[in-house]
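Can you read through this structure? Questions will come right after.
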Amino acid sequence: MTATDLPVTAGRKLPFVQAVPEAIAQCMRDDADVFLAGEDVAVYGSVFGTTRGLLDEFGPSRVLDTPISEIAIIGLATGAAAVGLRPVVDLMFMDFIGCAMDQLMNQLAKMKYMFGGKARLPVTVMTAAGAGTNLAAQHSQSLEAMVCHIPGLKVVMPSNAYDAKGLLTASIRDDDPVIFIVNKFLLGATSDVPVEPYEVPLGLAAVVRPGTDVTVVAHGRMVGEALAAAEALASDGISLEVVDPRTLQPFDLPTVLASVAKTHRALVVQESVRYAGIGAEYAAQIAEEGFDELDAPVARLGAPFSPVPFSPVLEQAYVPDAARIAAEARVLMGT
Amino acid sequence: MTATDLPVTAGRKLPFVQAVPEAIAQCMRDDADVFLAGEDVAVYGSVFGTTRGLLDEFGPSRVLDTPISEIAIIGLATGAAAVGLRPVVDLMFMDFIGCAMDQLMNQLAKMKYMFGGKARLPVTVMTAAGAGTNLAAQHSQSLEAMVCHIPGLKVVMPSNAYDAKGLLTASIRDDDPVIFIVNKFLLGATSDVPVEPYEVPLGLAAVVRPGTDVTVVAHGRMVGEALAAAEALASDGISLEVVDPRTLQPFDLPTVLASVAKTHRALVVQESVRYAGIGAEYAAQIAEEGFDELDAPVARLGAPFSPVPFSPVLEQAYVPDAARIAAEARVLMGT
Amino acid sequence: MPPSELAPTPAQLVDMHRRMARIRHFEEEAGKLVEGGKIPGALHLYVGEEAVAAGVMVHLDVDDQITSTHRGHGHVIAKGGDFKLMYAELFGKATGYCRGKGGSMHISDLDLGILGANGIVAGSVPIAVGAAFANRYRDTDRVTVCFFGDGASNEGAFHEAANMAALYQLPVVFVCENNLYGEFTSQPRHQRVTDIADRAVGYGMPGVIADGMDASAVFGAAGECIARARAGGGPSLLECKTYRFYDHVGVTGMRIPYRDEAEVDEWKGRDPIAALELRLVEEDVLTADAVAAVHQSVVAEIADAIAFAEASPDPDISSLTEDVYSNPIEPGGVR
Amino acid sequence: MPPSELAPTPAQLVDMHRRMARIRHFEEEAGKLVEGGKIPGALHLYVGEEAVAAGVMVHLDVDDQITSTHRGHGHVIAKGGDFKLMYAELFGKATGYCRGKGGSMHISDLDLGILGANGIVAGSVPIAVGAAFANRYRDTDRVTVCFFGDGASNEGAFHEAANMAALYQLPVVFVCENNLYGEFTSQPRHQRVTDIADRAVGYGMPGVIADGMDASAVFGAAGECIARARAGGGPSLLECKTYRFYDHVGVTGMRIPYRDEAEVDEWKGRDPIAALELRLVEEDVLTADAVAAVHQSVVAEIADAIAFAEASPDPDISSLTEDVYSNPIEPGGVR
């Protein structure tokens, strides 16, 4: 299956922030086993607005506000899934994942394996990553590398409203635990989103802009920055191909390699801290499997090795952007 | 400073498990601000034996058994350090790090930065990683990649008793939070360990076996496996150079690059899950900075993408070993 | 709460006795096998605490769930676990409950409503709350019982789960097996309270204490808590005062003294099985011969089970990476 | 515990009043600045809760420590925080308390014994225990006060820290600011208990309730708890019933209704500053003019501070990666 087989859009524009609750609502209508729980997801509709309206439609037995208890939230999902439900739970800011990390990595992710395969754990954990909103070190992190390192989890991160709805639908319907990461900077971004339910298959990257000179592998907010860089470089005759893995684990290496076979250069971009970021895995895989295709070392862009600063000027320097992507691409091209 | 400047050994053999408490004891004698806390580190001397004898020498006000409360243990260290002490705390199995992850990543690691630099947080967190002891999925993980991704922490992992004492001494004396990872499989391994206090500098890799054909970058238990592979291949005329980063973050790239400049081939070996493991970062850095030196793609070895199984036969197949390292090296050599 | 007036019928006494004898012999044999080096890894034996598992489980149906701990064999047996599959799992064999992937600390059978032993202290407490939530969500009258230790009551996971269960008034019973030690740390050295049941008031649920060496006392107290939960009356915290006769791990452990011989002897003098048998015979429920016959049949069954386990094959290496996912994804999104 | 008999002297009443007025005006102006888009990020205003900070802090010395929350300005001000450095930090300027790296949620001054505001709910509770440990370790009579909310009392971090503090009998006072909401979830919707002080019994420490709208009541209760801690009598849990006049974030928030206007009005009718001023004048402690003069001087000081902050420079980009480590390591182990 390739990106071009995806359902065509129905011409309706919808912002990311509304694509998320639409996916949840459609899954809840379809399947009485789906419920939603998290801090302020019910009455308030989430601090991000990503669950607004769901309490009204589904009522308090299926849409639950929880105490501020991240351990218990993931435990709730794990236990409920182990006896047959299909929980969707929200961890609000991804920075809070540390509070629940044991339940995520040692319980939810490992239960099936430890029990010799008997458990089925269709849990979706939603959480919001990303900097750029002046919320400082504990409310701005992109921690996808941590969860990608945990066998038993799957990890997705949409870069636009269309993928958000389709990936979330696929995540909820999937029989394994999926970490669904929203980049909070993208919440207002609008795209064509079909009204009917659809899935963006897990594990399938998208070539979001074809090009010939450099393959830029970017996810989340960095996809938009990569597209902007591509636009900027186009006038200089440098053509970027932008590939969005969409599912961060497992990684769709074949799609990326096909691109590299064309461009012979790769730049991996991530918003998170570069050191030991998921981009290192992508770069390593590309180099391992695409070595003979590469005319230059795989380049990586990411945040410097520091917490996320509060000051807007520092934060802007912290997050990779189109200009830095373009500059790296130029270096790769030797221009 | 290079590896050869390190203090010479005094000819005394000491097992790893005794090198650890010797380092702690010497630091505690030197500095009244050093204390030790953790689950069963006092009366029992740790389930691994790595704190045995310390209660007797230093008494219960400096060597404390804690409740089973990993969050509180890291909080204890962070708060005590912030007001001037130099805590050493033990998290027992590294698998339990998920319980304390918020305190580690959002508090201890970020406090200095968030406060604009004022805090000094000389905390050492000891923990035991590694498979091979038939303890299954929740007592066998090597999770160094997770902590290496967190700015504000430093991460070390000795591969032998000499480095254990020297790195732990350096960690305790260092003014930043250091995660000191013991591989439990190595606890019985003996090496020459000087009686007097000494430091193995943080951030300095060691070339543990010189060679000419392939640079093997390995840490923890994998160093011994790499040395065994080197021994096995030597008779076939394949010469491995084994480099042990010792400090996993920051990574001593210059030492590794110097080796690759000689061998033109690199194999990165880790015991942990390969996907998004720290080896991906090392491989990516080597490829970025050493691209022109490389005759082959940087290869990586690690555990497959599954939890650690209990069954001894499965566990043995899970953990990379000398045979697999030798086989990979042969592939790199094209033989 | 006043002591329960609920008393077991003669048939229930016999039932409990049989469960307790099954646990005792299973554990004694397992202890021999691990000391003899025939079972790999670590075993946490339940000997001495049998009255708790039996007194609780006699109230449960196969559709009710339990969650358990690292000291889980007794719970699994009392809930109906199969000796053959249990021993095979302890041996790490392909025929074991977890296909050899779990071992002692993860021995489990979802079909019997056993949501795991658990290697993470208190790790299963939030999971129990999730299962209870699912039972209520589906409008069943199933009850979930969560076993955990005195040491576990100091974990944040316990706190969050207890609060959530009380808030949602879920059908769960928290059974704290207070055996006076968390590993090697006595209760007064890990918490300041004497009665863990006192914590219940902080969550707004009943707190009950039972003599965990007396199957009838556990029967009564557990029966009331379980009936209340089944009737929609919400969760309870039941503390059973008990004692483990052997070391924290294995039979004799490392022989580092951390508890008084006199204390051990005193508690051994309160052997719950001997006490129950005295009563069974005194009250003419069973003859001494009938009691002996119970033991004989269990011993015979165990010999068979061990033979089965020993004769069973090791798992095939190909199973190493199976059971990680229900819906594995091939690279490129293809299933 | 019976209500405290400790009463403030007239001078202490005046002192508390001044602290409360300083908080109120600081917050009102900060609220305007954030609503006007002049302060980036999120502010959690303390207006309405001033009596708690003032009633506690009047007992503390600069050498005593506090830990605080996301709603931390009031604590910092009452502990002696400098308006200029505070506003500068809220603006993200180089002259701010955290060099612009922290912002509202991390505003802090270790020199004043302020171990951070904290963006992680309950994240600072274990840190307070660590500070208290250090104070006792060094044989000082310093006390640490830990502020946290009703919502935070459901976090595992609170539980572990409270248990550890009680076990070690540390000089710490846990002050729960129960403002009846955790974000948008009312207390009865996040926990089943009415009095959070009831949780104290589960840790073996005194639990005390005070009217958080009455500075004298807080003074009395806090004074006793702090004196007990200072005298070696161990920790206490002090619950102050209070209310925030504005939204969870900012002044008016998103205007999604989650609390009754009537409820808000009722609590505003109990304004702690108005109540204290009534008493000050009635008891002839201050004239109405003297009260007005307090406000005038604070207002003037604030205008200056805001001018200072606005005129201050943004941080230099070069500071982005400073302050991560006390002992930064260059690659290759060189410092």
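Per-chain numbering from 1; labels A, B, C and D assigned in written order.
The definition used in the following text is that contacts are C-beta pairs under 8 Å (C-beta built on N, C-alpha and C of every residue); 3 or more make two chains touch, one makes a residue touch a chain.
Values in this document were obtained by computation on a predicted structure and should not be read as measured data.
S.K.: Taking each chain's centre as the mean of its Cα atoms, which chain lies farthest from subunit D?
M.R.: C
S.K.: Going by the touch criterion at the top, tell me which pair is linked by more C-beta contacts: B-C or A-C.
M.R.: Between B-C and A-C, the larger count of C-beta pairs in contact belongs to A-C.
S.K.: Report the inter-chain centroid distance for subunit A and subunit B in whole angstrom, where each centroid is the mean of the CA atoms.
M.R.: 31
S.K.: Go ahead and note the Å separation of the Cα centroids belonging to subunit B and subunit C.
M.R.: Taking the mean C-alpha position of each chain, the two centres sit 36 Å apart.
S.K.: Whole-Å distance, subunit B centre to subunit D centre, using C-alpha means?
M.R.: The computed centroid separation for subunit B versus subunit D comes out at 40 Å.
S.K.: Please set out, as single numbers or ranges, the residues of subunit B touching at least two other chains.
M.R.: Those would be 66-67, 69-71, 95-96, 99, 102-103, 106, 113-114, 136-138, 151-152, 305-307, 309.
S.K.: What positions in subunit C touch 2 or more of the other chains?
M.R.: In subunit C, 98, 100-102, 106, 118-120, 123, 154-157, 160, 163-164, 167, 189-191, 323-324 touch at least two other chains.
S.K.: If you look only at subunit A, which of its residues touch subunit B in the complex?
M.R.: Checking each residue of subunit A against subunit B gives 95-99, 101-106, 109-110, 113-114, 136-138, 143, 145-146, 148-152, 249, 272-273, 275-281, 283-284, 287-289, 291, 296-300, 305-307, 309.
S.K.: Using the touch definition up top, name the residues of subunit C that touch subunit B in the complex.
M.R.: Spelled out, the residues of subunit C in touch with subunit B are 40-42, 92-94, 98, 100-103, 105-106, 118-123, 151-152, 154-157, 182-185, 189-191, 256, 258, 314-315, 317, 319-321, 323-324.
S.K.: Tell me, which parts of subunit C touch subunit D in their complex?
M.R.: Subunit C reaches subunit D through residues 154-160, 163-164, 166-167, 169, 189-193, 198-205.
S.K.: Once bound in the complex, which stretches of subunit A touch subunit C?
M.R.: Where subunit A meets subunit C, its residues are 1, 35, 61, 64, 66-67, 69-72, 74-85, 87, 102-103, 106-107, 111-122, 151-152, 154, 174-176, 201-205, 247, 250-255.
S.K.: Mind listing the subunit C positions that touch subunit A in their complex?
M.R.: Interface residues on subunit C, with respect to subunit A: 65, 67, 96-102, 106, 108-111, 115-116, 118-120, 123-135, 137-138, 144, 156-157, 160-161, 163-164, 167-168, 322-327, 329-334.
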